[in-house]
Every structure is written in C-alpha cells, then in structure tokens.
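Two complexes are shown next, each including subunit A; its partner changes from subunit B in the first to subunit C in the second.
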Partner chain A sequence: MPSLLLPHADIKAWLDRLGTDGELHAPLRGRDGAVRFDVVQQGVIPDLQALRSLLPPKKYLLPPNDTVLRYTQADGYHLPLQATTRLILLGLHPCDLAAIAYLDRQFFGDQPDPIYAARRQRLTLIGSSCRPDAYCSCHLSPSPLPAACDLFLHQTATGFLLMPETPRGSAICQATADLLRDYEPKPPPSPRDHFGVAMPPPPQTELDPRLPDWQELANHCLGCGACSLACPTCSCFELLEFGGLDGRTAERLLRWDNCLFKGHAEVAGGHSFQKDRAQRFRYRYRHKYRGYGPLQGVPSCVGCGRCRVQCPAGLDLRPLAERLEKGAP
Partner chain B sequence: MTTSTTPLPARIKAIRQLSGDTSLFTLQLLKQSPTQQTTPARFQPGQFLQLSVAGVGEAPISYCGLPSVNGSIELCIRKAGRVTTALHSAVVGDGVAVRGPFGHGFPLEQYTGTNLLLVAGGLGMAPLRSLLLALLQRRSCFGALTLLYGAKAPDALLFRHELADLATRKDLSIRLAVDRAGACPPGIPSCSVALLPDLLEGLEIVPQRTAVPLCGPSAAYRSLIPPLLALGIPPERIHLSLERRMQCGTGVCGHCAVGTLLCCIDGPVFAYSALQAIEGAL
Partner chain C sequence: MKRPRLAIAGLSGCSGCQLALLNCEAELSLLLEQVECQFFPLAISPVELTGRYDLALVEGCCTSRHDTFLLRELRKRSSRLIALGTCAAWGGVAAMGNDRPRSRLRRQVYGNQPIPADGVPRPVSTVVTVDATVHGCPPEPAELLALLADLLHDTLPLQRSFPVCCDCRMRENLCLLQERGMLCLGLLTAGGCDARCPSLGVPCEGCRGPVPEANVTEALTIYRQKGFDAPTVLGRLRRFCPEWQYGSGA
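Up next, the complex of A and B:
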C-alpha cells in the first residue's frame, strides 16, 4: 500500500479540518521564545520542528493542580464531573509518546485511576518525527516503551507522510483523503525507529551510596525541582484537602510534588525517610533508570532532554546512568 | 466510584483512650462498597486503610482488629499529624470516610504449623494486635505463640487490660518491657524495666520452625534484627511493617518507594530478606 503524503501547501487546510473533530492542541512558540502545547487557533501553524515544549504533554493527563474529590456532608466524597471535550494533541515527538505510554502503564495498573482514564480516553495522539539535538538521548535510552499514537507524521522535504496506527488515525486519513497524495518511494521508517535502541535490562543490584558522584551532584543541585516539573514521566503528586468556609463541603486537590524536595518523604511527626539530598538523588535516579513497583525494570527516562535544558546548575544524571547501567549482563 | 480512590462514609461508633496520646476508634461503615468483593472492613492483618477527615485530609492507618462482615473497623490511632489530631477531637457519632484495604499484610498462610514470635514496639502493637487476634481465632493451626511488647513507660502500654487477660492463657506467652518504670496505672500486667531486645534473652526458640512478625519504629528494627539473626532466624522469616508516606495507596503518587519496591503495594509488610540490601529501608 502506498503511503499518504500531506504536502506542505495543504497543511493549513488539513489542520482546520482536524479542528472540527475536537479541540486541537499543538506546540506553539510564544513571544518569549518558549514552546508550549496550547490550543491552535484557526489559521495558525504550530511549530512542529520545535524539539521540546516547556512543559511536557503530561499536563493534559495530570494537570499541576487538579480537584480529584469533592465532599458534601450529605453525599460524602465523590469524583468530580469530568469534561468530555475531545482533544487532539498534534506534534508529539516519539519521546513524549513513550512518556504517555509510561503514564498509561502506571495509571492503568491493577486499579485504573478513573480520572486519568477519563482524561486519556478523550485524547487523540498525533506524533511527529524530529531530529535529535545534543540534549536528546532517545537513541541511547534503554526504555522498552513504545512510541504509540493514533497517527504519526513523518516529516519529509515535500510534506508529511501520514502513518495511521489505530482506527482513530485511519479515520483522520479518510476524512482528509482529498488533501492527501499517494507517496510511492521507499516505505517510511516506523516511528519506533526514532526512539530508543534496545539495551540490556538494568542490573537489579542496589545503587552504591558510597559512589562520590551522588554527593557531587547533591552539592551542585539547587533543589529547585525544575527537572521534575519538566520531566514527561515525573508524576509524583500530593493530595491536599481544603475545607469550605461553610464547614459542610471540602475539596481534595492533587498537586504535583517533587522527589527532590525535602518534604517528599516526610511522615506525621516530621520524620523524613530521605533526609539527605544525595539520598533524594538516588530516589529520583531509581525511578528514572530502574523503575519501581509494578514498573520495576522499566526505566522512565525517555531521553527528551528537558531536565538537562532546564537545570539552572547544568546537572545531568545521564552520564552516571550510562556508567552504572551499561555493565548489565 | 471505586473503593480504591473514593472514600466511603463511616461513623465513629466508639472511642476508648488507651494512653495519653493514643485511642482505639471503632468505626462503622455506612455503605457497602459498590464492588462487594472488596470492602474496607475485610482485610489481612498488616494491611492498611486510608482514613479521611473531611476538610482536613487523609492518612494511612494500619488495621488493629479483626476483619468483619458487618462493616465494623477498629483503628488504634496516635495523635501525631493533622488528620490524627483532628480525629482525636472528634466524638462518637462524628462522620469520617475510609478506603482500602491496601497493600500486603502478614503472610498468614505461611504461618500454619510454625512457632510465632510477635515483637511489637510502641504503636507497633496496633497491627500486631490484629495479627494476634487472627492467630488466636485459629489457635490450633499454629505452634508456640509468644508476644514481646515494649513501650516507653507503663502508662504507654496499649491494650494493657486485654494483655492482662491474655496473659492468663496457657497457649500464649507474653513478655512486656518498659524503658522506665514511671507511674504505674492500675491493671498493668507484670513487665520488666528493659529494652525490647532484652526480652529475647532466655527465650527458647527453634529458629528453623519460627517466624517473627515485627512491628515498631525504625530504631526498634535496627536494634532487634541483629539479635534475631544471631538467634538463627532466617531473614525471609522476619516480617516487618514499614512506615512511609503512603498518600494514594495504589502505587501511583510516588512517595513511598523503598529501593525499587513500593511500600503501599509491595508492602507495608516485607520479609527482611527483601529489604536487607536496600539503603535506608529501616
């Protein structure tokens, strides 16, 4: 079957057509130069060349502040009503798609999270190819995560090759068939080729706290938490409860938390299980490169490079990971 | 609505003060959970639930009593943080909410036919009471049963009247210790002024046929585990319950990792052999 090509000249018309099927969100470059996923107004062409948005697409699945329960004296706790508007996320690079695959595995575990499930259900994912820069480490990433999406756009000199992966993706191609052309040359690479090269699984030995690297990293870290905010798979959250002034209602709020913050592992009475910054670094490291709980052995670093770009102290766990994880049998 | 994410309403049925800062709360579930198989009132000793006080928040609490079919739940709670402080100012009849059960409890099925040495330090008596009651319910299934329990002072011993009653049983041996003698309220069963590990001295233990369920603060684990290992108890037969900041209970909030294990779903009860190599586990 020939591939489908969307010529550059028709992209505007194609985007307008997409927007009729749901609210279209894509990377847009703001006046401050930063790239953010936001709603695409008619006639605006998103920046599909941009490598990384300021905040990763996790904000659509796990907003930074989110009401997860409401309480009334009469009915007790109940889930809030969810918006059901369909969202089309366009311009997700393979690392961001892999990150969504990771969050899916986390939140659709044994007990699927109802709020996450509702948010995920309304998303249509459209990936797009990219050209990694010096901050990217997707090609080194040992992640076994798929870069799954509904439709993948492979950028070529003349336009975008459309590669549907799900019925939803095929439906988009059918609905916009009049704008697409057959493309005969050699078949386009699979999106998976842009993401990750298989590496041996991480060793299951404990991390050695005596390694001087931990303290060195901890000495330079400012503890600002930007790396976790920018990470597409960092999903630590805390639950806060706010009572209404009427004394009869309350709201439970989910707020992004950060494993590099001191209070992250604190329990009632003030004792913390991760008192030292070096300990907190290892906590983060385990999640990023070894995975925990049901996702043990599934590294959550997808190599997007956001943490390295954002860190004001220029810290990078990656070289350490390469040293520690490469010795695997 | 699911039992794992949405707390179910319950009412405080009874409050019994056990020590200066700790009380036994008996809750009554007001609704059965929508999925009948799981209800917060049916659990394995060692598991925990999440207790909500509306407008204040939620805290993980270990079960302290026996599973029930009528929706009654016993929780032994110390006034320690925001939620438990609010709870301690509540009165009988007040509403709370619960979700659970969560995590893995003590491996009761492994205990059949073995001798059991239960060791509790301080508030660690709460989950071990749940285990002790479950063991006594099927007493004939287990070998020799011993409870060692240490508290700071005589008036900090939890369930002392119950323990005094249990001490008269011939099929259960109880040894109590307090760090300092202090004021002695009435009804205290006989106890030594000693540290918890001192109670191990002179115990007759068949290491290969004994399992040790352990519950207490980290300091108790650090001081108890070496002598237990020295007695020849295999690390995989020492089962201990860890305290961590378990917020969601379902393994997604990211707060309670111990190495690459998650306390809320892989624990809170772990075999010591699973924790041995993990930095900062105890």
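Up next, the complex of A and C:
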C-alpha cells in the first residue's frame, strides 16, 4: 500500500475531523512558552514541531495523583469509575511511543492492572517524526522497545506522510481519505528507526557499589524529583490511604514517587533499603539502563532527554551509561 | 462513641494557622460532629483548660513565660501534641532575628520603654516532645483536615520527604528558577503544598521550612549561577527557619 500524504494546507481540516472521533490531545505551546500535552480546542493547531513536552504522555495512563480505591462502610473497597471517552493523543514522538510500549509491558505483564488497562484502551496513539537535539539520545543508543502506534505521521517538506499501523489507524485514514493523496516515494529515515531494534540484552552483572560515580552524582543531586517525574517510563509510586473526616469512608491515593527521595525505600520502623543518595543512584541507573524486576534486561531509558533538560544541577546518567554499557563485553 | 477531645492553642504567632482551620467552612460542621473542641481560645469561649485531651494543636513559637506554661500544661494533658505551622515547627518569622542580641532588638522595637523580660522565640519541639509536625505558613487546608481525620483514625499524619519542586513538576509548571531566573526556594523547601505559589508564577519563599536531606551546598551553587549570592539566599531561608543547616558551601 502506498503511503498517504496530508498536505500542510489541509492539516487544520484534518485535525477538526479527527476531533469528532474522540477528545484530541496534542502538544500545545502555552503563553509561558512551555509545551504540554493538552486538549486541542477546535481551530487550534498543535505544535507538532515541539521536541519535548514538560511532562511525558504517561500522565494520561498514570496521573500524578490518582484515587485507586474508595472505601465505604457499606460496600468495602471498590475501584473508582473510569471515564470511557476516547482520547486521541497526537504528536507523540518515537521515544514517547516506546515509553508507552514499556509501560504496557509493565502493567499488562503479569497481572493486568485494571485501572491502567481501562485508561490504555481508550487511547488512540498518533505518532509523529522529529529531529533529535543535543539532549536526545535515541540516535546514540537504539532501543529494543518498539515505537508502536495506531498511526504515524512523517513530517516532510510538502506535508505529513500517514502510515497506519492498526485497524484504528486505517479507519482514520479512510474517514479522512478525501484530504489525502497517494504518495509513491519511500518515507525518509526518522528517529523511529532507532526503536524496535534487535539488541543484545545489557550485561546482568551486579553494578559495582564502590564506583565513585554514584557518590559524585549524589553530591550534586538536590533530590527534587525532576528526573523521574519527567521520565516517560518512570512509574514508581507510593500508595497512601486517607481516612475521611466522617470516620466511615477512606480513599487510597496513588502518587508519583522518586527513587532519589528519602521516603522511597523507607519501610516500617524508619528503616530504609537505600539509605543514601549514592545507593539510590545505583538503583536508578540499574532501572534505567539494565532493566528491573520482570523486565530485567529491558533498558527503560528511551532517550527523550527530559531528565537532562529538567535537572537543575544538570546531572546526566548517559556518559556513565556510555562507559558501563558500551564498554561492557 | 465518645468523641475525641481537642485543644487548639496559639503561642507567639499571628493566629494564621488556626484561621486556616476556621476557613475550612465546608467541613467545620462535620468536624464538630466528630470531635469535642473543648479548648480553642481563638474561636470558642470559655477559655479554660479542663481535663485531658486526645489531641492538642499548637500554633506559634514558644517565647513568653506564658507560652512555656501553656505549652507544658497542654503536653501534660494531651495524648498527642502536634506542632502546627512553621513558627511552631521551626521558630518562623518571630525567630528570624535570633542571631542578633535580644537587648538590641528590644531597644529597636520598644526604645527605652520597660517591658517584661521575656525569652527567645523557639520551636515548640525545643520545649516539649512533639508527636508530629504540620508545615506551612499557614498549613494547607487539606493537610489540616487530613491531620484531624488521622486523629479520628487513631494515626499520625504522614511526614513527607520531597521538596516543593516535586509538587511543581507534577503540576507541569515551567521552572521559575531555571527558565525565569527567579529566586525560587522550592529546591530546598518541604513539599506538600501542591506548589501553591509557583503555580501562580510566584517563586517559593520557603515557608514550609527545609526538606529532609536538603542539598544546600549544591543549591547555593545553582543560585549563584543564577546571580543570587549565598547571603541573599540564606537570608531568605532564615525568615521561616532560623536554624537552617548551611552545609559546607555557605
């Protein structure tokens, strides 16, 4: 099947049509100049040139503060009702798509998470190509995670090449066929080519706790949490239960956590599995570059660069990864 | 079921923390069904301590002899005592001049007028044992209500260990320090306020006091790069917590 071209001039009409099939969300540039994924109002053109949003699209699957259980004396614990409106996420770059593929593996892996599943099922993912900057690292270290989506948009000089990948993606192309033209040339290379690449798994040897790098990173870390809050694959959370003022109800809240926070590895009695920041950096490194738990061997860094951009101290785990992963046999 | 007995007291302070509770108007009637608010001079008379309390909330720092007497009396009578707000927790604004001689401060304010010789403003925990602390100038209404709900469920409030930056990033705010070059103290300040000020474009003033494990040395380096020298930053921090640990970089 030939690719389909959406000429630049027709993007507005195409977006309006898209919005009839669900609530359209895409990167929007705010008045403060920052880019965030948000609902696209009729007639507004999203910023498809923007390289990275402040928060990654994981916020649609795992909101920062999320009520996961409610308790009443009559009914005990029950799941909160989930919204069922369809959401179309447009303008996801390959790294963000790969990150969603990672979260899918994590939350569907053993016992599917019902809240995640409900949120995931209502998403239509429309990817778009981009040009990596100095903070990106997808082009430097390919990822085995696929940049999977329903429809991918290749930005070219004349317009967007539409490449449907699922029945949902094909349906969008069919419904908007009158705006699209056949396009014969092969799509140009894009950062998407760096994803879904067959890779030997990273070494599974224990990371040396005596490596001076851990302490060096810890010396500069402020423990502000920016790196993991902005990370599209970080999904560590804390669960907090709040009893109601009426004494008869309660709410259980899932809240984003960060492996560099003091409270992250704390357990009852004030004990901690990761007492200092140097230990926590080793743990974080392992999670990002070697894989963790059931996803051991699957690096979870997709190279989006958000952690590097947002760290107030300018910390960067990548040079260490270059040394430890590429230097390793 | 017997309702828990509650005492809410103010020492040297502005009563703002107690007022924050009174401002939770939607919840007050429900609250009064659940607890017996026996001692609360700001809102309820008569003003007399009687019997024992399940919970005492103490606002303000301990300065005068009367403060010390009331605080000790509340501690003796209460199963749990909570330091309410920044003055109770850290000393706050009243204690920001603690590094200067009292005699000079007194002369500056009162001239040669004789006043009763009083003590040095200090956090509640330096006088009595505190079971938990609620931060903020004033604390967040949600935190106050959660604290009272915790009491009803016979537990203590959660002590958080993340800075304001965490709240701020979760709200997807643009960083006022990095992107606007503002002296925002969120990096060093205990979170839990949902980044109330930075979300409105106002830099964090540090009203909730130091976050656990604050990396002051690195923060001062970053502030210096943004054009704020250590005395400026530390002066700001000291407004709410005079006992800041400065780290080696100060």
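Descriptive notes on the structure:
Basically, the second predicted complex is superposed on the first by the 313 of 329 C-alpha atoms of A that agree within 3 Å, B and C clash if a C-alpha of one lies under 4 Å from a C-alpha of the other, contacts with A are read in each partner's own complex, and residues count from 1 in each chain.
Here, a residue touches a chain if its C-beta (ideal position, glycine included) is under 8 Å from a C-beta of that chain, and two chains touch if they have at least 3 such contacts.
Note that the coordinates shown come from a computational prediction; the quantities given were computed from them, not determined experimentally.
Taking subunit A as the reference chain, the count of touched residues is higher for B when subunit B and subunit C are set side by side.
Shared-chain residue A:L54: touches subunit C; no touch with subunit B.
Once the two complexes are overlaid on the shared chain, A:A34 sits against subunit C while remaining clear of subunit B. In the superposition on chain A, contact of A:Y283 is made with subunit B only, not with subunit C. Contacts of A:G269 after superposition on the shared chain: subunit B is touched, whereas subunit C is not.
Looking at the shared chain after the overlay, A:L240 reaches both subunit B and subunit C. Touch criterion met: A:W256 reaches subunit C, while subunit B stays clear of it. Legend: residue contacts after superposition of the two complexes on their common chain; A:A313 is shown touching subunit C, with no touch to subunit B. Note: residues 240, 242-244, 247, 266 of subunit A belong to the subunit B contact set and to the subunit C contact set alike, using the contact criterion stated above. On the subunit C side of its complex with subunit A, the touching residues are 27, 30-31, 34, 145-146, 148-150, 152-153, 155, 158, 160-163, 165-166, 169-175, 177-179, 186-188, 211-215, 218-219, 222. Listed in rising order, the residues of subunit B touching subunit A in the complex are 1-2, 4-9, 52, 54-59, 80-84, 95, 97, 243-245, 247-248, 250-255, 257, 259-262, 265-266, 277-280. Taken together, the subunit A residues at the contact with subunit B in this complex read 68-69, 71, 73, 76-79, 106-107, 109-111, 113-115, 205-207, 209, 235-244, 247, 250, 252, 257, 259, 264-269, 273-274, 279, 282-283, 286-287, 290-294, 296. Touching subunit C in their complex are the following residues of subunit A: 30, 32-34, 36, 54-55, 59, 64-65, 219-226, 229-230, 240, 242-247, 256, 258, 261-263, 266, 277, 310, 312-313.
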